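Chain naming follows the written order as A, B, C and D, and within any one chain the residues start at number 1.
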Amino acid sequence: MKRKQLRSELAWSTPDRIVVRGKDLPGEILGHLNLGDMAFLELTGRVPEPRESKVFNAMVVTLVEHGVTPSALVARLTYLGAPEAMQAAVAGGLLGLGSVFVGSMEGVAKLCAEAFAGGTPDIAAILTRYKRVPGLGHPLHKPDDPRTVRLFEIARETGFYGKYCRLMEDIARQTKLTLNATGAIGALACELGLDWRCVRGLGVMARAVGLVGHILEEARDPMAEEIWHRVDEEASSHQKPKR
Amino acid sequence: MKRKQLRSELAWSTPDRIVVRGKDLPGEILGHLNLGDMAFLELTGRVPEPRESKVFNAMVVTLVEHGVTPSALVARLTYLGAPEAMQAAVAGGLLGLGSVFVGSMEGVAKLCAEAFAGGTPDIAAILTRYKRVPGLGHPLHKPDDPRTVRLFEIARETGFYGKYCRLMEDIARQTKLTLNATGAIGALACELGLDWRCVRGLGVMARAVGLVGHILEEARDPMAEEIWHRVDEEASSHQKPKR
Amino acid sequence: MKRKQLRSELAWSTPDRIVVRGKDLPGEILGHLNLGDMAFLELTGRVPEPRESKVFNAMVVTLVEHGVTPSALVARLTYLGAPEAMQAAVAGGLLGLGSVFVGSMEGVAKLCAEAFAGGTPDIAAILTRYKRVPGLGHPLHKPDDPRTVRLFEIARETGFYGKYCRLMEDIARQTKLTLNATGAIGALACELGLDWRCVRGLGVMARAVGLVGHILEEARDPMAEEIWHRVDEEASSHQKPKR
Amino acid sequence: MKRKQLRSELAWSTPDRIVVRGKDLPGEILGHLNLGDMAFLELTGRVPEPRESKVFNAMVVTLVEHGVTPSALVARLTYLGAPEAMQAAVAGGLLGLGSVFVGSMEGVAKLCAEAFAGGTPDIAAILTRYKRVPGLGHPLHKPDDPRTVRLFEIARETGFYGKYCRLMEDIARQTKLTLNATGAIGALACELGLDWRCVRGLGVMARAVGLVGHILEEARDPMAEEIWHRVDEEASSHQKPKR
């Protein structure tokens, strides 16, 4: 059987050196890059310029904390059963970041990338193709998502408000739907030249940060056990024999 | 049944506002905090000072990328079977951050916190109590872990090199073992006043960032399938009938 | 806000009783149902007849063990880092059962269910609609998958070889592709009247069984660490400075 | 670097054969073994005798379904966000089977195995060593857990009620605590000669079966979204400005 060479360009180590993406980790990265910049380096292979750093950090920071979401509940309920394995509680919380919630960012980035593949985008064609355009609509934030407003403000300040942002705003206007934060972030990911295949990952890394916060709060002031007992009682009571 | 009130202090939203840890997300956080600062805010309830930001970001950035670790392999092998659910590939990669690898940071933070609970720490007693002191030893980086050297340099610059760092360095000297990066980070977490119950989480959030990088590289230049075929062939060949 | 009543029909308990799916767990289930029958009860609400039990158990047993698959590797590599949390190693191994591997069963069950929705199925239309028909093709087992042959033999013996099995065999014949085990199981799930939304779950529960076997073997005779070191060395060697 | 040979004894395949644990999968396993028997074969390398099959199947069947537990809630809340990846919802639900819930079985099996290592077990010494003996106590089932009563009845019928069962019953009597189902199953695992390192896995595989049932019910009659909205509203209301 012919063998394919295994290759990774991400890092290497020797006894006295650790090099990540071609940069000396202790000497060129630690103390120089913040966590968002490090994520940018991982995904693009280069250190962001200051204006890229500002937009990129704002994008991921937006997604860190949203209160007691399904994902936070999962982390807390998992921690209740396995407090010795908090990594599993964070991981559990990430598992639901699929097509319904955070995954829509990936769809927006793909839509944006494809829309310009053949020149000028055709919004009518896009609306025909998508039953539901990703990144649009929000159950609470109407008519505007305040995160989108602020992210596009930062994009304008830094020179990253471009054709992808405009496209998504045009689609939102035509459909009379709110351009939500995942829509703005998906568009900005294209403005920064990120590969759409890592865009869902921006939400995943951000939520990992937020879920650690939820687990710490759960450790100090728990709610998972109370939720369990309430739900179990309500959900099974109709089955139990009347006394 | 008496009910316990469910409470969270992390965030709230109304149609036009999103407030995280008491701060207006669009107005006071986006564009002002980087991802590491946001993590600090989540875990402590306050925005870090610049010198705290520098140490804290260096701590988490240290843990983002270590090459093709077991955790990166898990993410890549999971992505091979479920490319439509990259959040699950990241989550899978986090599951192994247990007692053997990243979890040792938690042990260091706990050791440090407990060592000073009764006044001056007694290293002889610590060495008796622990069969294996967490944060010590490294298979490759000897005699010094270059990350520890650099992290403590940053700690000195910012005024965070204190009694916890000294304790771990004293233990390392007495045991003639390398103080590895998880040992340095565990001690620095105490210097920053972080709760030991969230310290493993610093590694978890950092690796989530790095795993997105591995999945993107796997999407572009895969190795998981090749690894699978090689291992499966080698591991089962002794069982197969000779032809 | 209007509230929806939370309801579950799966189980209830009082201090001296535990009732699952309407049956007394100690008195009517334990000692009477095997694990496959219990799964059938969970999914359908009734105890299988002997011929249903035979087919259903054969279907799930087929999927338990396939050697050192990506899913088994994930479980072993996760166990390496967190041996104290073997539940997380099993869970990790399940995460890759997505669209590429086991998930195809779900696609087959859906295809079968939809094909007969409008009367006689139209194979030409099916082949037009699907770029790649799920359940067809196997890299190793050609021209026949021995599991499919045996499963359909059992289906004939028990009276469950019907229109869905015939449809999948017709499609395989026309496309000159192997009807693999997931194709056979997807069709049989329809013959048994199972909801397609639980069909992927048959593979998930079966693999959970197999993954416990892999973790036990890993605990006794490990391979994960060796795989890690080999891969890491090969994948990063081109980056390292020549001495 | 010296290389360790990778070896697995679990399965091998050629184009026309699939052999699991030394048995031809289509010819000797499918149609002959139920899912519980297959699990026994995976874990021990041999097909169970009928009386072993009866006890072992009863043990795992006991753990399949417990109503709306934290683990079921996690699966349902994960499915809400990622319905396209139900394997991740099952996996999420398994992550909480740690030290607090199902993991106690492992502790019981270990306690039993160690108690007889030096001859006759010394209950006073066991009670001194363990702050909290695993397998004892139940919040609802008192004074007896009906599953334990039934499992030991089956154990007596099949000749597997032995020294490990007696030890756990003696400890329960002395501590005046209920011997719960995980205590009974941990003891029975020792009676069957199972390795304690796979005992938690019995709970993990069983719950995987039950969680598929919960996800199917969630798909048909959801509760996750309602739980989320209720909890989020209650947990954050104190933070919101009064109107």
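Everything that follows uses one rule, which is that a residue touches a chain if its C-beta (ideal position, glycine included) is under 8 Å from a C-beta of that chain, and two chains touch if they have at least 3 such contacts.
Since the model is a prediction, treat every value here as computed from it, not as a measurement.
The interface with the greater number of C-beta contacts, when A-C is set against A-B, is A-B.
Centroid distances from chain C, each centroid being the mean of CA atoms, peak for B. Residue numbering at the chain B/chain C interface overlaps substantially, since over half of the positions present are found in both copies.
The angle of the rotation carrying chain B onto chain D, fitted on C-alpha atoms and rounded to the nearest 5, is 180°. One finds 30 Å separating the Cα centroids of chain A and chain C.
For the pair chain B and chain C, the distance between C-alpha centroids works out to 34 Å.
One inter-chain figure worth recording: chain A and chain B are separated by 19 Å, centre to centre, where each centre is the mean of the chain's CA atoms. The multi-chain contact residues of chain C, meaning those touching 2 or more other chains, are 6-9, 11-14, 67-68, 82, 84-85, 87-88, 91-92, 95-98, 102-103, 223, 227, 231, 235-236. Interface residues of chain C facing chain D in the complex, by the touch rule stated above, are 1, 3-4, 6-18, 20-21, 25-27, 29-31, 33-39, 42-43, 53-54, 57-58, 60-62, 64-68, 85-88, 90-92, 94-98, 102-103, 140-142, 144, 146-147, 149-151, 153-154, 157, 195, 197-198, 200-206, 208-210, 212-217, 219-221, 223, 226-227, 229-230, 233. Across the interface of their complex, chain A is touched by residues 67-71, 73-74, 77-85, 88-89, 91-92, 95-103, 223-225, 227-228, 231-232, 235-236 of chain D.
Across the complex, chain B meets chain D through its residues 5-9, 11-14, 19, 82, 84-85, 87-88, 91, 95, 231, 234-236, 238-241.
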